[in-house]
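Consider the two complexes below, in which chain A is the common component and chain B and chain C are the respective partners.
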Partner chain A sequence: MSTERSPALRRAGLVALELCVPVLLLVGYGLWSHRALDFYFPPLGEIAEVFGRLWLFDRVPGDLLPSLVRMLAGYALSVVLGVGAGLLLGLSRLLRTAAEPVVEFLRALPAPALIPFALLLFGAGDGAKVFVIVLGAVWPILLNTIDGVRGVDAQQLDMARAYRVPFAARVLHIVLPAASPRIFAGMRTSLAIAIILMVVSEMVASSNGLGYFVLESQRSFAIPEMWTGIILLGVLGYALNWVFLRVERRALFWHRGARGRLGTAGPPGRRGRAARPRSAPSPEVTDA
Partner chain B sequence: MLDVLGLRKVHGPDPDGPPAVADLDFSVAAGEFVAILGSSGCGKTTMLRCLSGLVPPTAGEVLLHGAPVTGPPKDMAFVFQDYSRSLLPWMTVRRNVAFPLRYQGVTGPAARTATEEALAAVGLAGRGDRFPWQLSGGMQQRVAIARALAYRPKLLLMDEPFASVDAQTRAGLEDLLLEVRERYDITVVFVTHDIDEAVYLADRVLVLRPPAHVSLAVDVDLPRPRHQVDTKRLPEFGRLRAELFAALDGGGRDAAAPAPSPADAG
Partner chain C sequence: MGADTAPAVPAGAALVSGRAGAPARGGRAGPVRARARRWRELGVRVGGVLAVLAAFELCSRLGVLPRQWFPPVSEIYVELFRLAFGRPLWVEIGRTLSGWAIGLGLATLLAVPAGVLLGSSRIAYHLSRTVIEFFRPVPSVALIPLAVLVYGTGLDMKVFLIVFVTFWPVLMQTIYGVQDVDPVAKDTARCYGLPPTAVFRLITLPSAAPYIATGLRLSSSVALVLAVTAELVAGSPGLGQAIVVAQSNALITRMYALIIVTGLVGWGLNSAFQAVEGRLLRWHPSQRQEVAR
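What follows is the complex of A and B.
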């Protein structure tokens, strides 16, 4: 058992291991494409050169920014709508029952199928794309919020009620935080969906954006350009997910702590976990 | 101070179904410490929830200062058995204690003072910045008690508050409770299934038998302040203990149990 290595060294080792495979893949592709002279798989150097020319930072305001704005607007709207509606549906059994068939139907609907309708409704502008993104990305957030709200510990709510904490404050300070691990899980799924729908919606009736750029490059046989768009999308998704995980780590600090998964990042002076319940003759029937 | 009159509680929609609480009558005087002793599943948690106004009774009344309880009353605090589920893990200890105060109109320096005082009273001064899950079980229950104290209740309801901690911690918490109720002049209704704990803490012990009704009321005339060793050594303690044991157990369940063998009788 090699347990004597320092944590810092271990971390460095893991990071190196993580970098190893992508670097090998890149080198492998570079070597292969350099000899292959395949029209569809241009040499790495050429792709890199085109990437630098296009995306540092010529086309950033024209294509990358509009895409990002649409994606983030659609995502933000999805979060607000999903959490808001999820709170309502999670708290009210009546509303939940009434809304369920509609929710299940809309959720089953592939969002891109509504692109033609969105174009009719909003024209070819940003509105249609944001609409499609919301229509696809809102569901994981909504459903996870509902589940999270329903899973709130009744005793926490009883406690607040016994101390005469008003309803709105109970929702804000107990229901919402208690549901937040689930909400974040939904938001994480939705982030990926939002990026996909951004690209798809930009490939139909658009005059800018990353999706438009990739499709246009392909149509004009600008294969290296096409690849740079694809690579940029990958990088974008990776970066957004990274940012998301950082935010989540901060916001759910208490959740990992309460589950004893804080590791070395925890604050100093951590005490032992809660004592296990004494072995009572038989557990009290909580007839609540 | 607290009067329970003909309290009846039936779970579910049918008011004629089997009751969890039936014909429950008792009163608690101001400043009194009443322990309610009952075995598991005898309806004592349901009873306490009716007393606190968390659930409405099916029939009967709960009066606090003569006024019927229809919801959680203003000067009542509740300490639950399971501290890990009644403390909020996303709030620091300090925020947990201060959480209810804002909604009582206690804010700013007054809330800070009340919070720090309550934390000091339970021996957790300086731990306000911790999170509940960074504390041991006994300390977490002390946070729950501090939250109740900061609330400045006249009446404190406790639902088996020390059932989830080890024996050592439990003794400490019992003494802490007696000390703070003296200092803050609180009336306590303390639900437990532990005979020793009931006798040790209370001025009066009520034995509950299912469906929850008072089958025996015993005054505890043990001298105060009580002491974990000396009080429990008193002959009166043993007598009360035996009486309550018989009352609790007297339903005939163990009537046919074999007598202790000579080897056990020491």
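What follows is the complex of A and C.
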């Protein structure tokens, strides 16, 4: 791309470039499925027709809403528990050491393996699903909060202590804001996990919800219906991620601004660059 | 898993290592005090584990949780040891791990070259971006029904799911890694007239390696989750299925023992990855982060 063209034109060119592969893929699938008549891969038109019939808005209250409620409840609980426990463990070295092996074990335990346990504990209701979601989604938030809390500028804390700022205010106004970029990074990872666990828990034991719908469609060989469920889940994942990025950008605008200014002030140090794969790659990288 | 590349979870052992602001207190006071501190830390850790186990044991023995569904931890561990001396447990572990290994290996073989390509060509990157951004957050488990239809319930299905899931994190990390190569190093190489293959081998690959390693570490745990899920939902043989079978046969103690085994497998994989990563990338500053800070 030449640099002389106007920015608007360049952006239009970029959008066209980025859209051309997906459009080609869709058209290609449409043409192929129209002629191939493969039972497992129905034509696009049929999928679209079934999608309109089912999801606008016939099954929304029966399947989509319960799924969303479970997921959001589990996610909200994970955030509260993760940040709360993360603050506690981040501030106390003793607690952190004592909890480390247990946390490491539970984090490594694949959450779906706990579904039978959750069913025994809560029965087949919503409780079990929310429990499984929390058990999977809480760890990234917890570990990132701990890391964020430990990374707080020690000088700021000392200064606040010297000025006798009370403990609660120190946590609220110094520790939490300083840790928030890391907390958000953890929350973003957890969002994806929460969606996945919602689907899995509904597949194993449920009588409604998206996961149940997709699996039941497959078992009764309602293939176009199954595809609409898969597509809806894809759209849901994409949309939730998009919403999260917007929220994060709003909440952390000060952080991004501060970083931007730092970036122009001097050349990036080798150390800072190298450390990046460890800490969360900044959202603007993924988003650029 | 739509797990994104924001790895978020730092290299595990960092949970307790020396605090950033307070330089090791024991370090300067001499080796004796340092060793004493390490022993004390170990004691605290063991104490933490024992406290949790004791809490469960008490809950079950005192009837806070109904005993027929929540057997005491001691009984679970007895069952665990009995299983560990039999062959079936290891067969199940092997089945789960073979799906994990094949899937992760295939995904790496596909994703790293693709990532290098997309990372080094701007046009290719923009062409593929929308597709990548769309597929990445798609909850992988939604594809289980499709995978069952196309591949049945055997190993193929597990491998397909794991490849689909782990492909994206590895791809994204590779792209970032290749794009993040120090431009000065690249320009220098060009000034010295190094051929492109040498630039790739000597500069691009080493500087992308830590990113790729992070992607692999993330993918490894995701792959295990997917393997267990596939076994649990679709009934392909492995640990997940063994858990379901134990549960439906009302062998509750065995079910808990198997859940613990699954956790231990995940924990072992995590630790192995961290150890290998730390060894192979010893030279890289990110491995010395705690010290450098």
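By our rule, the second predicted complex is superposed on the first by the 242 of 288 C-alpha atoms of A that agree within 3 Å, B and C clash if a C-alpha of one lies under 4 Å from a C-alpha of the other, contacts with A are read in each partner's own complex, and residues count from 1 in each chain.
The rule is simple: contacts are C-beta pairs under 8 Å (C-beta built on N, C-alpha and C of every residue); 3 or more make two chains touch, one makes a residue touch a chain.
Keep in mind that what you see is a predicted model, and the values were worked out from it rather than measured.
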Taking the superposition as given, does A:R164 touch the first partner, chain B, the second, chain C, both, or neither? first
One more residue to check, A:L9. First (chain B), second (chain C), both or neither? neither
Once chain A of both complexes is superposed, is A:V204 in touch with chain B (first), chain C (second), both, or neither? second
Contacts of A:L106 with chain B and chain C, given as first, second, both or neither: second
Given the touch rule stated above, what does A:L56 touch, chain B (first), chain C (second), both, or neither? neither
With both complexes overlaid on chain A, does A:L37 touch chain B (first), chain C (second), both or neither? neither
Which partner, chain B or chain C, touches the larger number of chain A residues? C
For chain A, which residues belong to both interfaces, chain B and chain C? 153, 270-271, 273-275, 277-278, 280-281, 283, 285-286
Given the complex with chain A, which residues does chain C contribute to the contact? 1-12, 14-16, 19-22, 41, 44-49, 51-52, 69-70, 123, 126-131, 133-135, 137-146, 148-150, 172-173, 176-177, 180, 182, 210-211, 213-214, 221, 224-225, 227-229, 232-233, 239-240, 243-244, 247, 252, 255-256, 258-259, 262-264, 266-267, 269-270, 284-286, 289, 292
Across the complex, what residues on chain A touch chain C? 14, 17-22, 25, 40, 93-94, 96-117, 119-121, 139-140, 143-144, 146-147, 150-154, 157, 182, 185-186, 188-189, 192-193, 195-196, 199-200, 203-204, 210-211, 214-215, 217-219, 223, 226-227, 229-230, 233-234, 236-238, 240-241, 270-271, 273-281, 283, 285-286
Using the touch rule from the top, collect the residues of chain A that touch chain B in their complex. 153, 155-156, 158-166, 169, 173-174, 177-178, 180, 254-255, 257-258, 260, 266-267, 269-275, 277-278, 280-288
Listed in rising order, the residues of chain B that touch chain A in the complex are 11, 20, 40-41, 43, 45-46, 49, 52-54, 71-72, 74, 76-78, 80-86, 88-91, 99-100, 102-104, 130-140, 147, 151, 160, 163-167, 169, 193
